[in-house]
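The chains carry the letters A, B, C and D, assigned in the order they are written, with residues numbered from 1 in each.
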Amino acid sequence: MPTEEDLVPRVDPEAVPSDTLTVLGRVPAGATREEAVAHLREAARLVRRRDIQMIRASGLGHVGGEFSVIDILITLYLDAMNMSPELLGDPDRDRFILSKGHAAAALYTTLAIAGFLPPEQLGTFMQPLSQLNGHPARTKIAAVEASTGPLGHGLPVAVGTAFAGQLDGSPRRTFVVTGDGELQEGSNWEALMTAGNHRLSHLCVVVDRNRLQQGARVADTNDLEPLADKLRAFNLEVVEVDGHDHGALLDVFANVPAASGKPTAVIAHTIKGHPISFMSDNVAWHHKVPSAEQVAQALAELEA
Amino acid sequence: MPTEEDLVPRVDPEAVPSDTLTVLGRVPAGATREEAVAHLREAARLVRRRDIQMIRASGLGHVGGEFSVIDILITLYLDAMNMSPELLGDPDRDRFILSKGHAAAALYTTLAIAGFLPPEQLGTFMQPLSQLNGHPARTKIAAVEASTGPLGHGLPVAVGTAFAGQLDGSPRRTFVVTGDGELQEGSNWEALMTAGNHRLSHLCVVVDRNRLQQGARVADTNDLEPLADKLRAFNLEVVEVDGHDHGALLDVFANVPAASGKPTAVIAHTIKGHPISFMSDNVAWHHKVPSAEQVAQALAELEA
Amino acid sequence: MPTTTEAVSKTVLHDCRDTWVATLVELAETDERIVAVVNDSVGSSKLGPFQERFPERLVNVGIAEQDMVGVGAGLANGGKVPFVSAAACFLTARAMEQIKVDAAYSQHHLVLVGQSPGMAYGELGPTHHSIEDLAWMRAIPGLTVVVPCDPTETAQVIRWAAAHDGPVYVRVSRMGVPDIVPDGYTFAPGRALTLREGKDVTLVATGTTVVRAVAAGELLAAAGVDARVLHMPTVKPLDEDALLAAAAETAGIVTVEEALTSGLGGAVAELLVRRRPAPMRFVGVPDTFASTGSVEWLLDHFGISPDGIAAAAQDLLSK
Amino acid sequence: MPTTTEAVSKTVLHDCRDTWVATLVELAETDERIVAVVNDSVGSSKLGPFQERFPERLVNVGIAEQDMVGVGAGLANGGKVPFVSAAACFLTARAMEQIKVDAAYSQHHLVLVGQSPGMAYGELGPTHHSIEDLAWMRAIPGLTVVVPCDPTETAQVIRWAAAHDGPVYVRVSRMGVPDIVPDGYTFAPGRALTLREGKDVTLVATGTTVVRAVAAGELLAAAGVDARVLHMPTVKPLDEDALLAAAAETAGIVTVEEALTSGLGGAVAELLVRRRPAPMRFVGVPDTFASTGSVEWLLDHFGISPDGIAAAAQDLLSK
């Protein structure tokens, strides 16, 4: 009795009609806040479209956790971070690490829309010999700072990167996004302890707080609450934000470091599968692959 | 340039004059609190004497962390726990796990004075083929519930044991002692999260809070403060106690579970090397081996 | 005669995870001590039916592999018989010291079930491949390492492990395999199963690769080579007698595994050089992190396929 | 002629940890990128002099090995050249997945220094022995595995690793060793050092056991056996040419290591069966957790001693 995930046919990527993603690039300098938010909103919409098509084409992926994190990624790459393809060689560029590496397709599409990857390359996602693994590989894509996929790896690496920046007196900031289920891994608490005690103020830990993990709600598995208290007790400055509100995210990221001498923890309240009606807050969509009809419906909802 | 620890000669155990430890056994039933405390105090004194002799004889050991934890071990084994040599086969006996396994000599001497080990066996400590390894081995001593030594192992195992007891509706309690430096290990925070969320009220985690680790003060390495806040944020009930006050320890352990539906965390404030003048709160004594003169002085201080 | 992994897959295939869970549920019906311990891996371990039937006996510690194995050891201390089940890559790499100390050195009755090892999670990339686990696990004293090849054997291995008072590592894959062991077969550690008699060369496979070795045997027969084909269900302990006989009676041994070749291949090599030096060829993953790609593609890519195995045997015979 | 470990120890011995630290300090004087990362292991790594000279460049994450290796990878991302140093047992077992993913798969310039491996912490028991590390580490693609044998070589290895843009695992022991490599020796990965020419049998040792193999060579000479003695400083990559020549020119190979025999022994066996089958004997720790006891006692106990090695060679020759 194979599960549904096993039955999804490996469709020929050529046969799946896919958008060609337009490279939107960063929010133009001098844009008003309204213009910036509109730019980010449109970018997130295009990225979600391309993402779900990639999942359908490759027959694998983690669409739920991708849709919950896309607004965060887009806000960081297209505005908040001091990072662009031209800055790759600059040691003082900001750093980003996707610790929840299973949301790789969200990262790849974001990198594509930001100009780090040719959009055509997205068609190779998970294909033999592709650079676009199911989880991001540092050796395969220049903008990927750390290989992730096993949970609980990205945050310690981010702490090391931030440490190096602090040693060098660099202005750069390091952003890392973890899942909420991911925070069950003890390696994260080791890293948070190090970050707090070494006063790595240029580190910003964003928790994609969608309240679901792979098999169930986080609260029904091994709960994180009171999460803000935990993070504060590990000596981080805690900020909470709606993780789908580009304007609010912009404000939060602009304000990092949020406290002097402390790393910032951003609890981004998100919805897994957002904003697709049949996926939202539904654990079944952690790594389910949509049917052709479901893709069509999702794309239609993304027009609205 | 060998370090001091390397230069300590491996002396012939026969040549070191050693106490033969008297098996004191548990505090007699019906003893008054004063009598109980006097019994524990004398047992702790004898155990410290034998412990330092063992360290000297074997040329290795962790006398600082042994002397900080002995009062806790003695209080548990000789009074607080429902555990005695006759109860070893009883599934409902209380369980004890020394997560900071480097304090093995303190455990072995405590087990000997409680009647679990023949006192003569202590002379084999760390000798070839001895059952008394430098760190306690479950397969070698009946009363040892878990093999420890690498830090951060005992607490997860204790959680499993407590879980089994909860599943079986057993009245037994599980006590585990961790070092404070040891709490830097993420495995502990994983286990604490599980314990708190699964409401393992019959689990009692005792932190030997001596504020020193191997190479430096905990605060100067990777600080734990605010420790009580951390433990509370992981959903444990927190109690603080003077870890050298047998009466206070008795009260705390008698009161476990300290809150219904919650594991208890006891922060036992201790002094590494206590009560020896030249060892107390001195990081050099984490695993230093005393000279013959230092042993003599320590034994003299233990008379006073 | 199938020559590629795709062709092999044309027969009726089973997901051995279904058998593992069905067997566990069956055992748990009569043995109250049995519990399952997972890291948010109910789905990937297919433990749904167990969870439904015995909700309190499924201990989900969340995404925390060190805690998972430690808790397993503690449950054993508390009189339970724990089956700790997680993706093989995370179980072995993330909880390595717990496997060494809490399971093996402590000699607990603790069953570690590594799900979907090798390259079963092909597309997810090397972080999710578990190609090192056979080499790693066999280098832990006191641990039995089992790689069943089909549903019948998987069921027997789970039963055996439930009764065996010691630590065991079992590999169970999501990758489809046909029925292989004959009626009346009984699994025993250290006992190989002869799937084909032969006198020219010996193919020794384990787990998901056994069906490929059998197909290779047929390819070789068609080419006039009489290959012996063995299934070695325990990488540790090995069936030393069967291997030494193969080394004596045939020109040499080709090992086949869905793992780095220092797994089964290395184990057999270590036996032969000491007891009966003979030529070998290793079919498996070479010393490299694999590409992304489907498991079928990857197996063919590395020659872990009927024709790849046959070619290795021919190469051995030609030297 | 020394026949036991105690007798070996009568010559002037060095603690290679002193050399490792002196070399690191020297390198750090001119290369600002060099940082050390530790798990409360300043003392056991003998990093005191480094800490004194470069207090901010010593990153002590506390007792947290996963964080330690992850932070190391992050420091590399930030342009540093990190030397991550901790007791070999905890570094390899506790941070296994970080070594696989953050160091090896990520191909970072990251040097992992496993201190006091093997049974250097003899009395502390198997939890503190690191006998599995050679088998484990050589089964990680992309990782170079180095076991220097004396102070001169240790210094060269540290310098080489500081310049080598890739992940490296180096074993450094507290157990005393004499000076071994000749003047003018230069360490290179995959290049063995011939310490004695010989045509009857070959002894291949590494690290702390090299001095014992040399002594065994003398014992054998006295018994009329002309043994070749090689030091293999890299368990991965091996010096394949030297080993294949030894297999061809002498009766067989005896490997010698302070580790499970699936470390160096297994690596050599995997080469020989494929390229030139020849008899081998393995001297090292058999498949068991060792007893407590001093490292000297344990080495003799397992026959990792001049006479134990000579006996293994004689056994090989007698069959």
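In this text, a contact is a pair of C-beta atoms (placed from the backbone, for glycine too) under 8 Å apart; a residue touches a chain by one contact, two chains touch by 3 or more.
Keep in mind that this is a model prediction, so the values were computed, not measured.
Path length between chain A and chain B in the chain contact graph, taken as the least number of steps between touching chains: 1.
For chain B, the chain whose average C-alpha position is most distant is A. If each chain is reduced to the centroid of its CA atoms, chain C and chain D end up 30 Å from each other. Chain A and chain C have Cα centroids lying 35 Å from one another. Separation between the centroids of chain A and chain D, computed from CA atoms only, is 41 Å. Residue positions of chain A touching 2 or more other chains: 137, 147-150, 152, 184-187, 190, 193-194, 222.
Each of the following residues of chain D touches two or more other chains: 61-62, 64, 66-67, 90, 93-94, 97, 101, 105, 126-127. Because contacts link each chain to all the remaining chains, their graph is best described as complete. The touching residues of chain D, counted against chain B in their complex, run 15, 18, 40-44, 46, 60-64, 66-67, 89-90, 93-94, 121, 123-128, 174, 291-294, 297-298, 301.
Across the interface of their complex, chain A is touched by residues 35, 56-57, 59, 61-62, 64, 66-67, 69-80, 82, 97-98, 101-102, 105-108 of chain D. The touching residues of chain A, when paired with chain B in their complex, are 184-190, 193-194, 197, 222-224, 226, 229-230, 232-234.
Chain contact summary for the complex, chain C toward chain D: residues 90, 92-94, 96-97, 100-101, 104-105, 126-127, 132, 135-136, 138-142, 252, 260-263, 265-267, 269-270, 272-274, 277-282, 287-289. Those residues of chain A that touch chain D in the shared complex are 91, 95, 137-139, 145-150, 152-153, 155-165, 167-168, 186-187, 190-191, 193-194.
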